[in-house]
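Chain IDs A, B, C, D, E and F follow the sequence of writing; residue 1 opens each chain.
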Amino acid sequence: MGITVGIVGCGSITRFRHAPEYLTNPHVDEIVFFDRNRHRAESLVKEFGGRIAESFKELIQDPAIDVISDCSSNEVHHIHTTQALMNGKHVLCEKPLAVSTEHAKTILEAQKKSGKKLMVDHNQRFTKVHQKARKIIQSGEYGDVLTFKTTFGHGGPESWSVTKSNATWFFKKERSHSGVAGDLGIHKIDLVHYLINDEIEEVKSFAGALDKVDENNQPIEVCDNVVCVFKTKKGRLGNGSFSWTYYGEEDNSTTIYLQKGIVKIYHDLEDQIIIEQPGGEKAKYELEPIQTNDHQSNTGVIDAFIDWVVHDIDPPVKGEDAYSSLKVVERILEN
Amino acid sequence: MGITVGIVGCGSITRFRHAPEYLTNPHVDEIVFFDRNRHRAESLVKEFGGRIAESFKELIQDPAIDVISDCSSNEVHHIHTTQALMNGKHVLCEKPLAVSTEHAKTILEAQKKSGKKLMVDHNQRFTKVHQKARKIIQSGEYGDVLTFKTTFGHGGPESWSVTKSNATWFFKKERSHSGVAGDLGIHKIDLVHYLINDEIEEVKSFAGALDKVDENNQPIEVCDNVVCVFKTKKGRLGNGSFSWTYYGEEDNSTTIYLQKGIVKIYHDLEDQIIIEQPGGEKAKYELEPIQTNDHQSNTGVIDAFIDWVVHDIDPPVKGEDAYSSLKVVERILEN
Amino acid sequence: MGITVGIVGCGSITRFRHAPEYLTNPHVDEIVFFDRNRHRAESLVKEFGGRIAESFKELIQDPAIDVISDCSSNEVHHIHTTQALMNGKHVLCEKPLAVSTEHAKTILEAQKKSGKKLMVDHNQRFTKVHQKARKIIQSGEYGDVLTFKTTFGHGGPESWSVTKSNATWFFKKERSHSGVAGDLGIHKIDLVHYLINDEIEEVKSFAGALDKVDENNQPIEVCDNVVCVFKTKKGRLGNGSFSWTYYGEEDNSTTIYLQKGIVKIYHDLEDQIIIEQPGGEKAKYELEPIQTNDHQSNTGVIDAFIDWVVHDIDPPVKGEDAYSSLKVVERILEN
Amino acid sequence: MGITVGIVGCGSITRFRHAPEYLTNPHVDEIVFFDRNRHRAESLVKEFGGRIAESFKELIQDPAIDVISDCSSNEVHHIHTTQALMNGKHVLCEKPLAVSTEHAKTILEAQKKSGKKLMVDHNQRFTKVHQKARKIIQSGEYGDVLTFKTTFGHGGPESWSVTKSNATWFFKKERSHSGVAGDLGIHKIDLVHYLINDEIEEVKSFAGALDKVDENNQPIEVCDNVVCVFKTKKGRLGNGSFSWTYYGEEDNSTTIYLQKGIVKIYHDLEDQIIIEQPGGEKAKYELEPIQTNDHQSNTGVIDAFIDWVVHDIDPPVKGEDAYSSLKVVERILEN
Amino acid sequence: MGITVGIVGCGSITRFRHAPEYLTNPHVDEIVFFDRNRHRAESLVKEFGGRIAESFKELIQDPAIDVISDCSSNEVHHIHTTQALMNGKHVLCEKPLAVSTEHAKTILEAQKKSGKKLMVDHNQRFTKVHQKARKIIQSGEYGDVLTFKTTFGHGGPESWSVTKSNATWFFKKERSHSGVAGDLGIHKIDLVHYLINDEIEEVKSFAGALDKVDENNQPIEVCDNVVCVFKTKKGRLGNGSFSWTYYGEEDNSTTIYLQKGIVKIYHDLEDQIIIEQPGGEKAKYELEPIQTNDHQSNTGVIDAFIDWVVHDIDPPVKGEDAYSSLKVVERILEN
Amino acid sequence: MGITVGIVGCGSITRFRHAPEYLTNPHVDEIVFFDRNRHRAESLVKEFGGRIAESFKELIQDPAIDVISDCSSNEVHHIHTTQALMNGKHVLCEKPLAVSTEHAKTILEAQKKSGKKLMVDHNQRFTKVHQKARKIIQSGEYGDVLTFKTTFGHGGPESWSVTKSNATWFFKKERSHSGVAGDLGIHKIDLVHYLINDEIEEVKSFAGALDKVDENNQPIEVCDNVVCVFKTKKGRLGNGSFSWTYYGEEDNSTTIYLQKGIVKIYHDLEDQIIIEQPGGEKAKYELEPIQTNDHQSNTGVIDAFIDWVVHDIDPPVKGEDAYSSLKVVERILEN
């Protein structure tokens, strides 16, 4: 007999990613949707089948349900995910785990107490390119990691958010909390932890609202740019730049400098990983087709979560990973 | 009647750059060489003609001499350059101006008092590519500068220094002072000041000796890596990475992010400047031949100095510029 | 309150360009269609909304109508456009303005007398590439224009005209008048005027029907090739080649030779403008995606016309411009 | 027994091309040099061996000499070549055959009367690329030639002429006669005749001194730019542009448009011939290495001349060919 | 009056290739379908029009039918094609002509006896690239053929066969007979015969089931790899490799080595034919667009067959050609 | 104290490879040369220092000498190498080990009896590219090897042998023995053994003298082309082609087909190893600079031999390896 999934929150992320990927997973039998706005849940049932829960409580107390996807607003993850865990459900929580480490700690404690599985949707760990890069770096072939650089920047969320205007919630303090640091920075901090198998311990940074304005043409309340330097537990040094004001091509690149080579990730469109060595030697990996037409393709996140639940195969990212990235973001903003 | 040049210090920089470039400048008539080691001066006279001064004092008191190139050790610039200025000579001082801002201040005061011209050999300002980049950025066509990134890294000075071993002076505290920060960082700090016409005011950084060892296989006394974040007077934010442990291709790249585009400098071998704009538009500048066979080509530094002296044409870098870069390096190391 | 547009002539150009672009312009409220063949007008109303005028007179006397697009046959532009202007309408006339300069003069006089605005659809002035090229040439950065070369050629109109056969009207003297000179040449003559801000004054040429045959396998009545040399008012010299017998890739290239560089336009698929300078320096502009899937994209012609009408912003091409290009075509054929 | 060669005129063309290529030809035994300036002849004897003639008369009356290279000034070709022919020598005359068709006629008559062989150094016929292009065009595979375009332009002869200044003889009416038309145009006119096996009959053109100035900063006396249109005996139409003011890369390209394809010659550095056909089919010929280091390589001109003399193998260019190109240049200047 | 076509066998090959290509051929009026499974025939009538024959006998005895396409199973070609020929029909038989040379001989005898036309669908002869390659090789420009290499390999038929599993008929002895040799090898053997106008006379080979397993995870009954060497009647030597275990890009390349050059076919995506010559000269042919979106495009096979029938134009492949390729496959398997 | 080397045979291979590489090896002190033609030995002493042995006996009995390079004619390797081993010297024998397996057996027995080290100069094992390829294949990452293809071909040895004519010893039966099989084939057979760690057990082939002629224009006595198929001990199948008649670019490529990918070696100038995987994934290794100017660079062969002698580090190729390749060549010729 298969798995029944409960989803709390029926917005875009549920519609485009969670629901369709659960449907194509061979272990999943049925989805139960809940949203405070009943119409949104109904609309998903029409599209994906399954049924509706009348309240969040009903959802997490439904004995048929084995796992919960928490796709609710970031501010209430610590409520929903915590209760789901405490009701004996495994939880896949959308990123970020919480809007503060304090909230996150509540969740992690619930996880420990309940003994249930908690995964967070840090999807950069799942691309074929980043998984290959990690394998290369961890193989030891190029020696130890010394330093690193990571960047995530594009022209800003206002053009593709639902509102498609400067009134977007991304620009508001009370919803966005950490601006570009939480929107983009957390992805790459988590990725660095993953790639070099280490943890950022010290952070120094500058942040600012340099260019974006809100619907009243006033500088936005959160930072649109963050530049940071990092020191890890093992003593590696690194740079990070996270920006909503890269008015050219999106930059999602990372570079890892090792004792015998340099691993460049997403610097080149065709060869997504390039490894340079002294003397001009290079290894190049072409792992993704240049023109991806179908951005809706399976991310692997849901499958990894279900594999964890069913086969007890460790997933690439757990609750503790999300917590340590969140801690770094918090330090960036304290600077 | 032409100019007579005095040079103090007859090492490699004199032999490969100052002497031959003075010789090809149409305004220069003769060179007078001085070195504490008389043999080195004699050897240059054999190669380039000219004559020898028996003491530094003789050199700077020679009424025939109009200008001095200070190619002595970094630790004594503040003595030689200062005295040359005070004896009424214009001075071209090798980079860095001094090993501390305190010494540099002495020099600048002498310059002011004497009213003589003082230029410093920050040669990155002279490449055709950086000059074009500055013109593009300053044109206003792409709006204001918001953020920037700059890098200078290679596999370390030990392979090409005279000693060609880990016993190199670059790795010694008493000679090198600031390690990679002073060797590579100062170049790019000065370049950023030049490109964006602004000055770095605040610096945060991490530095360390992560990989290099000395002749006794001990970690070196100065830093081999520096990562920093910057804030300028006008509020721009930036990243810098300076490294002797990039064990792949040398990286001398800089990126300037503006309100309407991104200016990428030395990211691509063929197109040394690439400007990206929203919507995929690009402008690309191919200003240097890919395969430079002749690294001895004229840098333009000497010509700019002589043009200043003879025609009073402002050079791209003066003593004050060198001072403000030095100040930033000092702050990096205080972090 | 918005603008009401009248269109005379309901053929392909109206259907694929004028009607849809008026519809997406925010200032336009309604379109009124007229065609001697009532069915064609009806079919457009079905597709784009709006209403039908029963006669041309009704159209131009309709007080609700502010502007007229003249998409009628080339031979009757001088009647329709003239009457529209004299009835107080601004007119956007399809290219060419008229089939002779005599007719064109009539139109221009009407324009002057009426004081109304007259624009002609010389669409090469509107591409991003040609607009950027003009800006570069006019900037003075590369000195004065000395000479130029321009070409427009493809495999002939018979393959894509409605009839898709050698019976096409393009090959008939009474409809086409000037053959390839009027079909392709006029575009590039107008473009040269625009790019170098000058006017062709003297023309010498050879023209001939070298290869095309009509439906009876007889050489066509108009020229399928024209080669010409030009001299402008300011003394620049140039070449032009216009051809329906380029049996390979279409060639729409132009080259402008200046005192300090060469501006090559549409020579390269990726970099639509390439500027060469002495010593091998190049600047390259990539302004259009290589694979344009959507040839129906907005040309900007209608928007520029409406901007002229509403905001009095000068458009890139007015009636006088069209007239001077027409004059050159006439001289080509007199040779 | 081998051939003895006489050379009149001992300038650069003799030194860099005629003398060394005669030396490596297996049929040539000895060279006899003559120059009004005896020192120049002596210097070549030192370099290449052989002997000196004391007068031009002695040279052409020397019974040991079989063939003469006329490397004297263009203005006296009609004297030297004529007399050499009349004294029973075969002659290889430097390009152009003469400075006027009148002079050229004298030479051709002497050739006919004497029955001796007369070849002219139109070296563009000898490149592997042009020979292949001719073979392709003449094969009939692509149908008849319809139109053509040819260009020869660079930044001007003043930079590489011996004087390396604007005082160069290329800019003087009395030496240069036809300016860029005779310097560059004649090469490509001759090439077109060769490639399409046809002859230009009618010419229209504009010519001017648009940019070059002489040593007194006055516009030069001869044209620095010529643009022309051509009509051949067989009715093909073409364009030509010949320029000393292409301030970018040298352009030596030619395009031949045929009924089933377009042959592009020297448009691309790597593929020196590209043939386009309808439907996107292409054939590309890579016949010369991209980076030719050795510009002194054998041109094949001397070998072809000697093969004609010894084996009676027709050369690619004879006296009549040179005459018909000269006629076209004269018509260009009459326009 | 046009041609009526009968088709026996209504599977995929009929649906995707024979039926649609007959429909677009201007000489074909009607198609009559027969399949033992009546539903399959009905379904094609619905899609393509035409009518149904109730039995194979009815089909081949129908006096209205001029030509038959034999799209039945390979094992019964010798029955259907033979009977069709003997009933006075021209036949286009799907590839392979038969599963043994014995059966094939029966067919060829029927063809001779009946005097009717027999063509076999060896479609590699029909690509523009192979036709051009044959023309080049046969032109004699590059001298005689000395040796050759041919390959056809991909990841195996199990992924794209109807069953999409290892249970595919391709892996079964009784259906597939010759495994990869008959599936892929026969195509390239036939192609070599065509390209070099010669016939393979001697064969040596190794074959094996190296990697593929059936639905029970047992090695398959037929070979998944064949490597062979060939000697032709005219004494040329060659290699062949045919594989279902190329787990990368499909390889369909052929190389022909001649006395003056090497013809490389389908080695490069862009230039499908590359001819190398001594000294680095190359000719490159770009005959197919790189990204073929529409694999359903007309193969030319049907048109060639109908042209043979109607206009008596010899097709590129006849029954005897198919027979000699089949003979080679049989010898491969005897090794 | 260092090593003294004796070299028998003072031809080109000694001069260009053995002598200079011994000189730069830090462990080698002196070279003793012997050649039946004393002048050749003297000439090498002049160039490289060292001394001369008066007889082969003197050379191998010299107690100062530790190792011998056997650079004598192939026909006498079994004499020289055997005696050197039996006199207690380690031997580096030029390739091929012998002209027959019978002779080779003699040598191997001497090696065993003497207990001395015997290495053979199969230099393809030493390129960085082949060493990396072996590592990749042996890593197991791509599964087991299934099949392979290897080629070695160029335009023939006559152009670069000393005689530079068709009289070359390569074409003579008594010197060359096995023609192209021994000249080129043995290299790639040895390489395949090395790359896939397996041994060819069965061979089938065709060989012939298809194009080369001797100095009398008669077909040569040895084969100029060999095509073969192989079966290894572990059951892998492969193709080989070895040719002196590839009249285009040299081909030294090898392809290894594994269960999860294809390893292509020396197919691409820039990326010397390309690994293709299903789904379009690729890994590419750029290990050698494209333009190698200096073909005299150290091959690593001598250093590996000395490392074996001094440090007992196993070399990539020993006597037994050479023997098993020789066996395969012999079987090729028996076919």
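As a working rule, a contact is a pair of C-beta atoms (placed from the backbone, for glycine too) under 8 Å apart; a residue touches a chain by one contact, two chains touch by 3 or more.
By chain, with names taken from UniProt: A, B, C, D, E, F = Gfo/Idh/MocA family oxidoreductase.
This is a predicted model, so every value here is computed, not measured.
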- Steps needed, at minimum, to go from subunit C to subunit F via contacts: 3
- Note on the structure: Neighbours of subunit E that also touch subunit D are none
- Mind listing the chains that sit against subunit C and also against subunit D? none
- Task: Scan C-D, B-C or A-B for the interface that duplicates D-E, counting it as a duplicate when over half of the contact pairs agree by residue number.
- Result: B-C
- Chain whose average C-alpha position is farthest from subunit C's own: F
- For the pair subunit C and subunit E, the C-alpha centroid-to-centroid distance in angstrom is 52
- Query: Cα centroid separation between subunit A and subunit F, in whole Å?
  - Reply: 55
- Could you please state the distance in Å, as a whole number, between where the Cα atoms of subunit B are centred and where those of subunit E are centred? 70
- How far is the middle of subunit E from the middle of subunit F, if each middle is the mean of its Cα atoms, in Å? 43
- Residues of subunit D that touch two or more other chains sit at 280
- Item | subunit C contact footprint on subunit D (complex, rising order) | 146-147, 149, 151, 153, 155, 202, 204-208, 210-211, 225-231, 235-241, 243, 245-249, 257-262, 275-278, 280, 335
- In their shared complex, at which residues does subunit C touch subunit B? 128, 271, 280-287, 289
